[in-house]
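Just below sit the structures, each encoded as structure tokens.
Next come two complexes, and both contain subunit A; in the first it sits with subunit B, in the second with subunit C.
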Partner chain A sequence: MRGLHQLDRSSAVAGTAALGTLAIVPVIFPGNYLMGVLTVAAIYGIWAVSWDFMCGLTGRENFGHALFIGVGAYAAGYMNVQIGWGPWWSLPIGMLLSALFALLLGFPTLRLRGPYFALAMLSAAVIMQRLMLIFWEHTGGEEGIQDITPLIRNHLHYYWFVLVLLGVITFVLSWLARSRWGLILRAIRGDEATCLAAGIPITRYKIISLVISAALAALGGALYAHYQLQVSPQLFSIVTSITIITMVYVGGMGSIYGPVGGALLLTFLAEGLRDVGEWRLMVYSVLLIMIVFFLPNGFIAPLWQKLRATLRGR
Partner chain B sequence: MSQMLLEVDSLDKRFGGLHAVKQVSLAVAKGEIVGILGPNGAGKTTLFNLLTQFITPDAGHIVFKGHSLRGLKPQKVVALGVARTFQLCRPFAGLSVLENVLVGSFGPRVHQPDLVERAMHLLEQVGLVSKAEVAAELLSYGDQRRLEIARALATDPELLLLDEPFAGLGSAEIEAISALITQLHTEKKLTILLIEHKLREFMQLVSRVVVLDFGEQIAEGTPQQVVENPRVIEAYIGKQGVTL
Partner chain C sequence: MEILIHGAVSSAIYAMLAVGFTLIFGVARVLNLAHGSFYALGAYGTYMATALLGWSLLPAALMAIVLVALLGVVIEKIFIRPLRHSQLGVLMITLSISLVIEQALFLIFGSEYRNVPAFIQSKVSIGGIDIAGQRLLVVAVAVLAIGALYLFIQWSRLGSAILAISQDAEAAKYMGIPSDRIFALVMAISAGLAALAGVLAGPFLSVQPTMHLLPIMKAFAIVIVGGLGSIPGSIVAAMMLGYAETIVAYTISTSWTEIVSVLATLLMLVFRPAGIFGKRAAF
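Entry: the complex of A and B
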């Protein structure tokens, strides 16, 4: 279809260049600390981009993305430590389990109008966090699950692995966002009644998008578990969800690639803010409020659009 | 009355204590333009919402081309060939004019391979081709109305339901939209059901009128018959009547 299904070449080149640069940074500046921050940043990138695909495009903001992340991470921990399966099972099974959660939660909640979807997802994540404490014999309670085996022992190789996954996911979701599918999701954001009048089965599109979003969040969760080598109920907390939403807002909601930039930027910012400890969430919140006020489209995506226009000599 | 495109029989809907649509029956033949007339709150838009299954009726039958529409999802009604517009224009904000029309063409009725070309052709018909790349929410009200019609046409309907297509428009725009509706009727052989307030333009467009008042069908006939009907004059027009 003309006008659709096209990823513009400059964005693809810039994306590849950015990933390439990220890949060689720890080679030029070796050190476990930097590599650790980069790995976590890339995982946050997966979480942010998966949030943006469903929520950024349809405008249905999920305040419980942590639920899917936690499901992926705990699935990894549980299968790896409690059952004793090899670490590679974590990725597909975590994604599948999370997709199932998305189906179960999506059917009742995505029919709701207004803020109820956001609230329902927020509550679901809080309930899951509680359940992790209640069923402590299986989940380890407050301590969580320790001694998870790494997927790849070499830290640099693991970082590259995460980075490649981030690149592939971002590329595929960007392509989907520019296809008929993405257009329909943006139309749902525009007006649901008009979608019905245009013959679009909106509930189906919203649920499938949530399932995709949830599966990818769980993939990130499993990657995180196999990087930290432990999981804790904190993963399900509202802080996780809000951090991701902030990253998306900073990056540019609905742009898909923007939130990846937002995730990198804010992960490094959070590292810089380590000294202020408990104030971190407040700084995050103030930043979110300021962006919503002054830069409603975020700044990474608008910045790139401006740069691209300049490069083209417009 | 054998070859009816749409047949509505004893359609009924209550909202709590409000009896919004009372036992309404009407039929529309292929190729007709039928008007639904009535004062504010008469149940006209509710009737449209019932026909398109945006709201489920409490009782009654809706048969379109032999298919019962009752209980279908709104998108299935569109898939059978019934399209609607809204009284208040509801374009997809954040999408371009062209994209707005494209979204309408993703249903099962459209088979052309080049949807963009088809959408551009529809925009040409409604006179919006020069604004294809403009963000839909930036259009003037009259242009949004055209876009609304183009989006409905994109679903390839056989029956088009227009909910107050002249609402909020100036007289020049009304004439233009009126001409567009006539053109769609003659060129595309579209059957049209139309709700309107603006009496004069309305009466020139339609061949038959159904009058609602407080959810009840109080008259039916040619525009001339309807404006001479004492119940209609009392309910809607006032004591002086109106000249065509």
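Entry: the complex of A and C
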């Protein structure tokens, strides 16, 4: 069974080693550019892993993850700049707000089967983007909100902070995915009717997973806002959602750690493609088509499983 | 009176978009997220042929519609057909295709707004109000096109094959109906209708690379409200949405119109997920 692997020692060691390597890279190669790329990559990692927890496990693809990211980021920007609260309030309040959104949207939409849920979430994200433009007096319209204060002034320390959060989230979510909870989510992916017949309250499971996923996405959004020091309606755009889904697809859906690898890989790839500027999104979309077609299980998770199997064979 | 006419114009555009969208779903169970791209390509194709190649409008428009219909068939054959067993696979692939098309338009034409010429330049005065002739033309063409489609489906042999597949794909196959060829035909009709809407609405709407997003949202909203796979349902819902948006635009503000469709979708999903005319099959 794909994805139902144990969180064994080799995975834990590999994960810690990978995080450790990422943590010391900017110490060995100092420079703000590299650190910036790494910080953004880690934030994308949080977004990808939060998407995978809900959608990869239950198979209900959310095409509007940008909604939760945007809510987290705008909550941070609004409270920080318009109300004037300290930056640390952004994280808990953004997460809470986003969880509330997930509850409100989850009840009507999660009863629907896959494609309808995906499309309903897509519309919801587009509507939020429009609302940001309509209420431009509060949200700054096209320009968004500027002059957000940083959470931690030292860039290196902030990068480490994001990295630690990414590590903790990935660990907790892998553990959850391996628990009875994750098993039920996978069962929902397999056959909803059978789960219902077995007396599992599937709607409750799906909604709670969506709430967790939304809260973590908002956490990433707030971290992003306090890193970029500005937010814009672009965050709500379909492009944001698609980028994250591509990362998860590249990483391997439902594997939790795969999407983190996918996020890192694609962020570096995107930086490498910066020279081709306008072609970047084109490359992304074509890559997505190729992965959907040729590697439905993704790239990173299967690679790691093969590697681990060879190591164990020795 | 103004509301009455402008509402009819919006309704006509929405109906042309939604009928194609719901048709391909009803027959092939394909939710085609690239549907809005066909609309965009219709407008851009006309723009290219008239402004860059110097063709006159009518052949340019016909060429755009035929090419888009062919493109629809090609996309169906190469990308959608191998993935039809998985609805999410279809969603992913059509969404990626729509992004590729958007980016291609962006790279070729840039992000500026483009002008598509109108068939009728003059204004018509009805009941003391001046209406651009092009808008009235949209209503007339939409009624003709959808009426012709309805007659085709109800009365021709191919039409009954389409109906048979949408009622029971498996039984239709046993009866010897070549379902793959019918899918290609339906895809061509669906893409062609979307392109027609783009060609006709181009002169008074903004023609730019991201223009495919709103129509797909609208088509989705209409199809949910009207019931997925139901052509009469989508026509009725298109009129409801067209008028609701026009009334909101006149009484509140134009920037709120976008909210109407999504609100309608959400409310419908909560209270009657099958839609007005839909069967419960979709849920």
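Methods note: the second predicted complex is superposed on the first by the 306 of 314 C-alpha atoms of A that agree within 3 Å, B and C clash if a C-alpha of one lies under 4 Å from a C-alpha of the other, contacts with A are read in each partner's own complex, and residues count from 1 in each chain.
The definition used in the following text is that contacts are C-beta pairs under 8 Å (C-beta built on N, C-alpha and C of every residue); 3 or more make two chains touch, one makes a residue touch a chain.
Just so it is clear, the structure is predicted and the values come from calculations on it, not from any experiment.
The superposed arrangement places subunit B and subunit C next to each other on subunit A without a clash. When the two structures are aligned on the shared chain, A:D191 is found in touch with subunit B, with no touch to subunit C.
Of the two partner chains placed around the shared chain by superposition, neither subunit B nor subunit C is touched by A:I244.
Of the two partner chains placed around the shared chain by superposition, neither subunit B nor subunit C is touched by A:I69.
When the shared chain is aligned, subunit C comes close enough to touch A:I134, but subunit B does not.
Touch criterion met: A:P201 reaches subunit B, while subunit C stays clear of it. In the overlay built on the shared chain, the residue A:L216 is in contact with neither subunit B nor subunit C. Counting the residues of subunit A that each partner touches, subunit B and subunit C differ, and the larger count belongs to C.
Measuring only between alpha carbons, the smallest separation of subunit B from subunit C in this overlay is 10 Å. Taken together, the two complexes place no residue of subunit A in contact with both subunit B and subunit C. Considering their complex, residues 52, 54, 73-75, 78-79, 83-86, 90-95, 98-100, 102-104, 106-109, 114-117, 136, 151-152, 154-155 of subunit B touch subunit A.
Only residues 1-4, 180, 183-184, 186-187, 189-191, 193-201 of subunit A touch subunit B when the two sit together in their complex.
Looking at the complex, you find that subunit C touches subunit A at residues 31, 79, 82-83, 87-93, 95-97, 99-100, 103-104, 106-107, 213, 217, 220-221, 224, 255-256, 258-259, 261-262, 265-266, 269-270, 273, 282-283. Subunit A makes touch with subunit C in their complex at residues 59, 61, 63, 107-109, 111-116, 118-120, 122-124, 126-127, 130-131, 133-134, 238, 242, 245, 249, 278-279, 281-282, 284-286, 288-289, 292-293, 296.
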